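Step one of this worksheet: look at the structure below.
Chain nomenclature is as follows: A, B, C, D and E, assigned in order of appearance, with residue numbering initiated at 1 for each chain independently.
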Amino acid sequence: MMVQPVLLIALPLFFAFLLPLISLWSKKVLKYVVMGVMAFNAILAFIVLIEALKAPIFDIIAGFQPPLGIVLMVGPLGAFIALVINVAAFVISLYSATVTKEPLLKYYMLSLLILMGATGMVLTGDLFNLFVFLEVTSIAAYGLASYNKDRKGFEGALKYVIMGSIGSSFVLIGIAIIYAQLRTLNMLDIATRLGEMDPYTKIVAFVSLFLGFGVEAEMFPLNAWVPETYDGAPHPVSAMFASMSAKSGIFALARVIFTIFAFSNYLWFVVIMGILTVFFGEIIAYVQKNIKRMLAYSSIGQMGMIIMGLGIGTVLSVQGAFFQMFSHAMGKALLFIAAGYMIYAAGTDRMDKMKGIGRNPLIGIPLLIGILSIMGMPPFIGFYGKFYILMGGFQQGYYAIIALFLAASIVEVAYYARFIKIAFEKSERKYPAPNIWVYAPLIIFAIIIVLFGIYPKPVMDILSHVAAFLAGGA
Amino acid sequence: MEILGIFGIFVLVPLIGSVIAYLFRKYAVAVAAIFAAVPSIALYPFYDTNVSRIINIGVKLNLTLDPTTWFFMLMLDTLAFSALLFAIPYIKKAQGNFATLILVALAGANGVLMARDFLSLYIFWEMMSWATYLLILRKSGEYARRYLLFGVLSAYFIIMGIGIVYYYTGSFLYSATTGIPMSGWFWILLFLVLGFGVKMAVVPLHVWAPYAYCAEQPFVAFLSGGLSKLGTFGILMAMYSIAGISILQGFGTFRGVSLFGYPFALLGAITAFIGTVLAIFQDDLRKLLAYSSIGQLGYVMVGLGLGTSLALGGAIFHAFNHAFFKSLLFLGAGAVIYRTGKYKISEMGGLGYKMPFTFLFVLFAIFALAGIPITSGFISKWMLYEAAIAKKFVFIAPLMLIASVGAFLYCFRILYGVFLGQLSEEHKDVKEAPAPMLAAMFILMLPLVIFSIVPGWILGWISKILVSMGLKPLEYSTFAYYSPIGNANMLIMWIAFMLLFMVSMIIFMMKKARVVDQLDNYLAGEAPTQVQLHAAHNFYKPLKDTWAPVLKYSINRAYEKFSQFFVEGFKEIRKMYTENPQDYAAYMGIAFLIFVLVGWWLL
Amino acid sequence: MSIVNILIQSTLVALYLFLAICIGLLFMGIARKVTARIQNRVGPPIYQNFIDVGKLLAKKTNIKHNWIFDFAPLFALAGVLLALAYLPMGGYKMLSGTGDLILLLYIIAIPALGFALGSGASANPNAGVGVMRALTLMLSYEMPFLLVLLALMIFYNTASLSTLLEKQMSFAWGIVALPISALAADIALQGMMMEKPFDIPIAPHEIASGPLVEFGGKYLGMLMLYSAGSVVLETTLFVDLFLGGGVVLNPATYGVVAYVVNYLVWFALIFVVWMIAVFINAVFPRFRIEQAFKFYWKWPTVIAAIGLAQAYIMSVFLGVIP
Amino acid sequence: MKAIEIFKELGIEYEEMKVKGNSTPRYRAKVEPDKLEEIIKKFKTQGFKHFVALSCVDWIKEGNMELIYHLFSYDTLEDVFLSIYLPRDEPKYKTLRHLFPQIETYEREVHEMFGVEFEGNDRLGEFILEDWNDMPPMRKDFDTVKYVKEKYESVPLVEGRGDKQ
Amino acid sequence: MTDNPNPLPSIIPEKDWKKIQRMLSKRSLWMIHFCTGCGAMEMPPTMTSRYDMERFGIIPMATPRQADLLLVTGYVAVKTLKRIVRVYEQMQDPKYVISFGSCPINGGLYWDSYNTIKRLDKYIPVDLYIAGCMPRPEAIMDAFLKLMKDIDEGRADGWLRYRKYYDKYRANQMRVFKRWDE
């Protein structure tokens, strides 16, 4: 049964606008509806992935032929990242059941919209379409970031709005330049007819697209908004940011680098940007006192590693980068959910006031699995991505950069170990037990991390299609 | 278990066991002991075989079981089994995760030993190190954090080594290392040996050991006895199996010893000396054993560095002895801590009268550590000395000899402080250690006795390893062993010692002796009141005063100052994020400009 | 090795060991006589130590603390006899063919450790302090002594005592080849034999004779046999290493006569070495343990290092192969 | 400051003691018990830093105990004896160990030998005489010969060789 | 304190073995001098060159375990008696006691003192008294020879008497001490 990929986008959009009607009928059922939609969407994504593995699917919407019409080009990697985003969204939606601040309707609508935007960005084959979904994601993200309506929420959202809108405008400039020169917006088409562009304007177009999506992908000079936004946003939202909007952003960046502007002499600059992101992310995370800020900076560090992996450009390192996207989405979502519970249980978000919070095994074990996976310890999924990126780096001979990266990751291990020390210290302080909506997502994420860690074969098979992706394919 | 073969028995069984053991809440440790017994028993049919197998779990892991792996695995699995057997009464709370983590560490260790490609080596190495981290975490977060920092440092050294191999050969296999230039080999070997050296606690990188060895004693016995041998195995494989003698000699030789190995031998000798000197002045029993372990591993490092067949054989044999007598010492210490709950040597005293079996086991371990000929500890030290003296190394040999004399000092400090001297009032009713503990200690004592009488067996195993590494086999017969400048026969020595012991026994048995209570003692006529007359407090004070100017400096504090310097730097960098959106917008503008300029400049 | 041959050899070894213990007691008697004469007093007869040992072994009641307390006399005597068995006396190589210098170095440690164990078990604080001082002293005098042994092993390129004797016979006595090392060895010997300036561990005035505080009767008797044996052991060690082990006539050519003559020469040599130690003992006050440690790790170590350098240079650079 | 001036200043009548052959001047003064502490403090500040001894004399006929505090000054090389009289049957006085630490030992000895109570001195128990279970021995009414005959002579001889000679 | 029989094999007849034993202990008397009173001053001259007691095999030893001759030199206060008894009991049989001076004999100078015991013999068996208000070294040397003759003829059996009449001695001692264990 041929499932149209467009359903993946249409379903959340449809339900997003259906929710107000359902809320008229009864408030309580809202969260179960959202969970149902997201679950169904995840299953759909899985089916799309199975088919995409056989051959990239082209789905023309409303009959317009390329290069004019909107076309969805779903490659195996795009489908894989879509599946990751949807699974993460579903599990986080379980955790959103704990959000109690009043206008829940708005919260659920925005979460469906951000899911739709992120999935769209990943699946679309058309540049303008990519920009549209980027806008949808960003706007939904602005709304969700300021959902708490407190000073920190507004401040974070404000910074995100400023940086996000500058980023989107850069993307618009880039698209305009490309459209002016090539008269087409279909990515495959652009990739084939790149030669006709005048080299200088090609650079300007690439840089503006690169910077535009860089904001979403938390690259070094552009990620100043990340800590405040993640800190101000409600806990499930920061988990969503880490696993959904960041992933779609980095995927778009990968697409920009490889499919649209597949030229290699610029890549070493991307690697430098990646290593700078890692360096600043890890180092500033070390001096943080607040747990969500620490996780935000650590997520910047992980994203920097993925950018570095893309920048290195060999098949191995790009496979590593994609695997790292998958592991970072799972791991970081788990940590943010755990952080959310800890802030709620300890009453404060300062780490040194949370002595002994991890002693309850329900929270302790998933927390440990998450941290070990983020650190890159073997039987968990965090290891394979990091290892492949490093080996790719060695293949290209980037010794110094790899050494700097290893030093930065020692700093990362240092601050995570410090956090574990605080979390597992003996203390007579009693913490309220987590309810089902908290430890259920933690356990699901932990199972995914361990399962695919011990037996990563299916993910490896998906990633074997990277070679096609690199050559400008889907 | 033919489906997965050696991978199944030695890696999967402990892993599955760790999950099952977690389910048995209170009896987890006992169940774990059973699971740990499986690999050690399953080892015997694999003697002198060369089974290999490739497992594909998404990444290819090729594992083989050859004499070298068999030898180290024999050591490791028996240690794990006896540590778990010892732990049954010792661990009172949270048995579940103790059993799980020990089995995960064992699986990781077996994996490292069987790995024949760098990827699987790294996977199992890291598995073993984070399992150890969590086991230390059970005791104290700060110690665990220091251990993990050094564990990760060692892992990243190894990654650098693997990376360079991958850069030159494009594959992870050990055997596929042809066509690497000498400069490449230098960096690969340097990083690998440093990486494995961290786990063997070589002096500049030893700072984690005294902290890590303060965790629960049964685990520490397995950690210091077994897991530090992974470092030895790693260096052995890196220098002699992956690189091979020809490449080592390629670096130029200094009287037959490769110029790459000699500095490590010197470093090992310095480690032996510093480890022993620091061990003499420790009052905490666990810290003393930790520093003594660093010292003994220094000897192994010397043997590995020198690289002649006698030195390498000595190193492997000393690693074997060290595994058994050090974990026996830690188990003995664990039994004492279990019964008295005290860590400081000066607070215990006279426990030998109340815990005779523990005392005998620890005494035998001390004899092995000091290298007394009636134990096999002597043979390995003898081989290392002969190797160093035969090659006329004038800096390594004295350091090693003085370190072994220093070993006597801290050995006696343990014996006198803990087991002899005055039995204090509160330890009046201390009972002997429970049965499983004594059984575990007995298992560890057996090889030290057997191989001291019949060294031929184990020297045969070691010769097989040396031959597989391309070196000459050792010269040995069942009871004696030879070196270019001397020999020693154990059987004759044992017989002579027995006969002379009987002679002194005859003289001794002439008169019966009346047993007297410990307080009926000559104290210049005064009645010995209950004041603590135990002379173990600040035992080597005169020596400490003479060494005071040297002891001032501590590598540990140097590390702390060094890391403090970096943290200050991080605080400066943090100021870059100025919480002010206008700056962020400015950053984007500047970034755009730089990117475009770089792009154009690149064209 | 036929059974008869083994029997003969073992009886010979037993005879040599018994003689060694008697010589040891005789030497201690002579030492007391010589010290007395130096202090211008008559002094006990030289067979006084035999009587002392006899009296001690014939004591009616013996005090013992616990079963570990018995370790001291058993290990001490057995260990010293074993060490003596490995030392060639007067050219007669008993077991030294099957063991070398490093094995001997560790066998000498057995009695020390057993004795320390026994005195530790006597639960007397004086004993604990005494043993601590003994071990600190051991660490101090072992430093020069090990450098000296190293020099010998490097120069003669062998670690087994029997070949060392042959090489000294063929080439030159140790004292001739390495005089500086011989000097350092003699200073170290003073500490090994716990003669006055270095009898800190068994100081009667400060710590009531240290480890020996609780030993009386048969225990003290056996420990006196041990100290007699160790006197002969240490002096023979010096003679074997540096004075050719007293081998003057080659036993292959002269047979039994050579053994007797060598024995007498050996006896004379160890007597000389013993007298040097006794004279120093008679006139010196006792060091404190820190002074002893500082002393040994300063000058004797420097001398021994020079000896080692000399041996190293001669054997490696100048190629002097004995 | 000279002892005589201190005496005049405090208004205590003192008596110079002529001792053949001893050139340093010695003064003796009888003082009221409650004023003693002030006087000693005064002397202490004026150079009499050395507290030589506290001794006790048992005047059995007059029925009182005399406590003599002996001070010495290094500046003027003079000895001063300040004595107080306590009733003999149950002599009691407060401790002065806060002025000079060594007074405590002397008080313990005087207590053990003469039975003088010193409030404030908590270490008055068994001091020199081990296993002593009789009245303080230095008091004049203690008859040593009777005590010796009753305690030591009464101990029977153990037979064996000892009694033949 | 049970009397343990002599387990030596009977190759040497009992009587001769006792003679040898007496000869050995006679020729090597190891003394532990307990400097109680003013007599200790007489010991250095007897040890050093003029009189040299080491001629007879008598050397000072540090602990009672190693010694078999106890010298009580001078008056014995009650306090000191407790230490002397403890040291005496820590010595190993056969052990002998020589007491110097007149004070241990009948109290001497301190005949009427409440603090000194008057006759040492009542508390521990004394083998030999040396009279004199501190005997000179010649007297001490003569005492040593006399003791050696006594040992030879088997008369110096103080330690046997102490063991046989132990409870009598202990009763006498407890009449003087209030409590023993301190």
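The rule is simple: a residue touches a chain if its C-beta (ideal position, glycine included) is under 8 Å from a C-beta of that chain, and two chains touch if they have at least 3 such contacts.
Source: prediction; values computed, not measured.
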| Can you list every chain in contact with both chain D and chain E? | none
| Given chain B and chain D, the chains that contact each of them | E
| request: Write out the two chains that share the greatest number of C-beta pairs in contact. | output: B-C
| Taking each chain's centre as the mean of its Cα atoms, which chain lies farthest from chain D? | A
| message | From the mean C-alpha coordinate of chain B to that of chain E, what's the distance rounded to whole Å? | response | 59
| task | Determine the centre-to-centre distance between chain A and chain C, using the mean Cα coordinates as centres, and give it in whole Å. | result | 78
| field | Computed distance of Cα centres, chain C from chain B, in Å | value | 36
| said: Suppose each chain is reduced to the average of its Cα coordinates; what separation in Å results between chain A and chain B? | reply: 43
| On chain C, where are the residues touching two or more other chains? | 59, 61-63, 208, 213-214, 217
| request: Could you list which residues of chain A touch at least two other chains? | output: none
| On chain E, where are the residues touching two or more other chains? | 4, 63, 65, 82, 90
| note | In contact, pair by pair, are chains A-B, B-C, B-E, C-E, D-E
| query | Which part of chain A faces chain B closely enough to touch in the complex? | reply | 158-159, 162-163, 166-167, 170, 199-200, 203-204, 206-208, 210-211, 215, 221-222, 224-225, 227-228, 265-266, 269, 280, 283-284, 286-287, 368, 372, 375, 377-379, 383-384, 387, 390-391, 393-395, 397, 399, 402-403, 406, 409-411, 413-414, 417-418, 420-422, 424-425, 454-460
| Partner chain B, residues of chain E touching it in the complex | 4, 7-8, 34, 63-65, 82-84, 86-87, 90, 181-182
| request: Sort out for me which residues of chain E touch chain C in the complex. | output: 4, 6, 20-21, 24-25, 27-28, 30, 48-50, 52, 54-57, 59-63, 65-66, 68, 90, 92-94
| field | Of all residues in chain D, those that touch chain E in their complex | value | 129-134, 137, 142, 144-145, 147-148, 151-153, 155-162
| field | Touch list for chain B against partner chain A, complex | value | 56-59, 119, 122-124, 126-127, 130, 133-134, 137, 141-142, 144-145, 148-149, 152-153, 156, 159-160, 162-164, 166-167, 170, 567, 570-571, 573-574, 576-577, 579, 581, 583-585, 587-588, 590-592, 595-596, 598-600, 602-603
